[in-house]
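There are structures below to look over.
The two complexes that follow have chain A in common; it is paired with chain B in the first and with chain C in the second.
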Partner chain A sequence: MKHEHRLKVGPVTFRVGSQWAAPVRQLAELYRDYPAADAVCDFTVRLEAEKPWRRWVRPSVAIRGDYMLPDAVPMALEHGLLAAEMGMNLQMALGYRRHLLLHASTVERDGRALLMTGLSGSGKSTLAALLGEAGWRLMGDEFALLDLDTGTLHPFPRAVSLKNQSVYVMEERAGPNRLGPWLKGTPKGAIRHFRPSRDAIERMSEPAAPALILFPRYGRDLEAAVRPVGPAEVFVRLTQASTNYVALGERAFDALTHLVTTVPALAIDYPSTEAALAQVEELWAK
Partner chain B sequence: MAGPRYIADSADELKAVPLGGLVAIFHRPSGITHLLAPPAPQILEALASAPADEEVLLARIEERFDVEGGAEALVPRLAELEAAGLVRRA
Partner chain C sequence: MNAARLLVRALAEPSSARSLRDPEWTALIAVARAEALIGSLAYRLQEEALPSNVGTIFEAARRDAEQAKRQALWEAEMARRALAPLDLPVILLKGTAYTAAGLDAGLGRSIGDLDIMVPRDRLDEVEQALLAAGWEWVKEDAYDSLYYRRWMHELPPLIHRERDRMIDVHHTILPLTAKPKPDAAGMIADSVELDGGLRVLSPPDMIVHAAAHLFADGDLAGGLRNLWDIDRMLREFGGRAGFWPELHDRASRHQLLPAVQRAARIAADFYGTPSPTGWTRSHKVDRAFRARLVARNGWGQATRPALRLGFYVRSHLLRMPLPMLARHLWIKARR
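So, the complex of A and B:
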């Protein structure tokens, strides 16, 4: 591959390469504070022309790598950074086996972790990014890595993909230097990537013990509300939120049943980010 | 006439963890996770390595657990466990 960038995120190393300079340059800029990875990486992502001539004519990026989805739709070159991000997500979702991978965001304070999971659009990414600017350490907005031996959560602090209004909220809180370029008209809408704080990046090898599980749900018309979630429901929701639960077999069963029987879980409804931040602080203090 | 006799895998083939009122079961031979409501976990326990028809099964379970509806109530649960691969005909 002509252009290449290697990076380490938490316990995982990636090599992202492309025939085009632009997406690799954007990726290197977005991840400029991250440590470089060794020559041999866990996963390789290749951003290649869908067909040889599509390198030049209406450039079209196909996401390829160690693990691929055969039906993945190629993307426009101007969305190459998103393609790189999606490629890294894909490697994790399809190939990662070292920890139980949960589709969840995690923040930490005083050595204890808050795990948040919910459907797409629940606001867990934005909430995690906001908490990361409000006295918490952002451990990750997309994947939580549950250690099968110790039950701790490992950070995976990738850049946070923000959509629409969330972009302005984070820009106001953290300033413009932490945001990647605008990617407009993507399959996910208008997005910008948000780089976690320097502290979150420097401490990305520090795991934390889970202390609370939240299932946030955002709705402009919702009343702020909190309700307990029983361990069986938490267990089912987390198996559904995991991409490698089945592959990891009995060790995943042990780790997940231990998590849900030892860590309290609550569902929260929130109508605004301010309400959510207040709810999280109140619940955490209990 | 006695009905069909059923048997479940031995206790060391299953790992059971209570989760509130339900029980999560990891079935080692298949690697499949099941979430069971009473009286299904009790049925598995009573049939572990010990075949029984419905009447005998009921007697075994009722030593420690009340089953509403008697042996009849066990029939649909047995069918579900059989379909799930946790119980088979002896």
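So, the complex of A and C:
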């Protein structure tokens, strides 16, 4: 393809090709602190015109690659960076088999990892990004990679996709240089990508043992609250949060069983990010 | 070298992979995934010294294939149980058959739907039994249903409501409207029983079916994989006494000798498949087939759109005579 960028995130290398220059240029800029990709890439992502003429006339970006969804909706060219990100997510969700993949965010301190998972809109991405600026190492906001043999979590510190208000929160904490361009009017609303700290990127090959699982829930009117969650429920919720649990078969069952029976889990409700940060610190100290 | 050609060469001669440079590996992996041959390639190169990342990718591909095999065999078993009370021969076809029979062609093979063949006069009973066991229609449209039932070699596809897996129930191997008229009853009569009660086609018929699927039906999409199946089977069965004359007879009886001979010729050309003298005499039109089979680049993209379109049109003309095709497309277009 005409334009190409290769990048390495945690244990995975991507080759992203595009018919247009802009998405690849933005991607290279967003991931400028990341190491060069391995010579042989795990996954190929292609951003190409949905129909040949849509390369020039009302350009429309189809997300394709090694793994594809047949009914994926093409995106506008000005959202090309988001298309590249979604293309990489798609390869992970449909094709990744090296670890058990959990839709969860992870942060680490003192060699121990905190795993946060919940429905979209639960605030786990923002929470992870905030913790990453407050003494924790951001291991990833989208996918947590659970090692099937050792039970540790591997970092996958992609750029964090922030929506609406979260953008301003992170800009205030970390400054404007860590943010990608505004992408307005996307299917996910107005978003900007947030690059993890240099430390998080430099240590992206360093796994950590899981120590606590949280199910955060955000609501402006919620009272701050904490509830224990039993291992059976954690198990079911995590299988639902995994895209390759079924494909990995018995090994995934064993790894997940080990995780839920050895790591405590709590559900937390929080009315504001400040409250959430305080809750996390308090629970972590216990 | 064209990336699809790289794939063909790596499958035919695993040692050729030693000289690959890193960008060629990336291209090879992308094209192998696009052609659904990544599992077969991963097994084929298992003994080679590979760059570490490639070894990891192939190990995952082998595990995936192992899981796909387990699921496919389970799905076949589910169909066997649903149809057991009917006391009729249930013949596995394509990937599930190769895997269930333990053939080399099944090693690492991707398997999508479950394909089975049953006697045509028992089709209604089979349909009722499957519906009662949890399978449902995918398409509810009356025209589609009528089209399948009147003209096709299979029932409209069914999907299982809990396991979410599709089953294609065939009663012969080509659409009824196609020119060749295979002897389906003969295929069923000659089929071979496996442990557990399911059946597969006899070795020559299995090859006839694979060749028919590749060259007498469809637009050659996924053709490299189908041709790889044929290579594996011709090698596995080709050494048996009397195999080639028998293949010749069976192919003639099913009116598919040209497709089978074309498959043997192109497999010999691509994969070095051995065949007796007289089978591999070159044929002018093969050039277009060969070009279509490798119309894919190192990004996994389809190339040669005009050639692809030609084969797409051909696939429809093979399926039915032109006036019938015109009517069919008219009805489809008006919806």
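By our rule, the second predicted complex is superposed on the first by the 286 of 286 C-alpha atoms of A that agree within 3 Å, B and C clash if a C-alpha of one lies under 4 Å from a C-alpha of the other, contacts with A are read in each partner's own complex, and residues count from 1 in each chain.
Here is the rule we use: contacts are C-beta pairs under 8 Å (C-beta built on N, C-alpha and C of every residue); 3 or more make two chains touch, one makes a residue touch a chain.
Since we're looking at a predicted model, the values are computed, not measured.
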| item | value |
| --- | --- |
| Which superposed partner A:285 touches (first chain B, second chain C, both, neither) | neither |
| Contacts of A:42 with chain B and chain C, given as first, second, both or neither | second |
| Partner with the higher number of touched chain A residues, chain C or chain B | C |
| A:257 touches, of chain B and chain C: first, second, both or neither? | first |
| Touching partner for A:249 - first (chain B), second (chain C), both, neither | both |
| Chain B versus chain C as contact partner of A:236, first or second or both or neither | first |
| Shared chain A surface residues [contacts with chain B and with chain C] | 249 |
| Residue ranges of chain A touching chain C (in the complex, touch as defined) | 1, 13, 15, 17, 38-42, 44, 46, 48, 65-67, 95, 97-98, 247-249 |
| Residues of chain B touching chain A in the complex | 15, 17, 19-22, 24, 26, 28, 31, 33, 35 |
| In the complex with chain B, residue positions of chain A that touch it | 230-232, 235-236, 239, 245-246, 249-250, 253-254, 257, 260-261 |
| List of chain C residues in touch with chain A within their complex | 22-23, 25-26, 29-30, 33-34, 51, 53-54, 56-57, 60, 63-64, 67, 70, 299-301 |
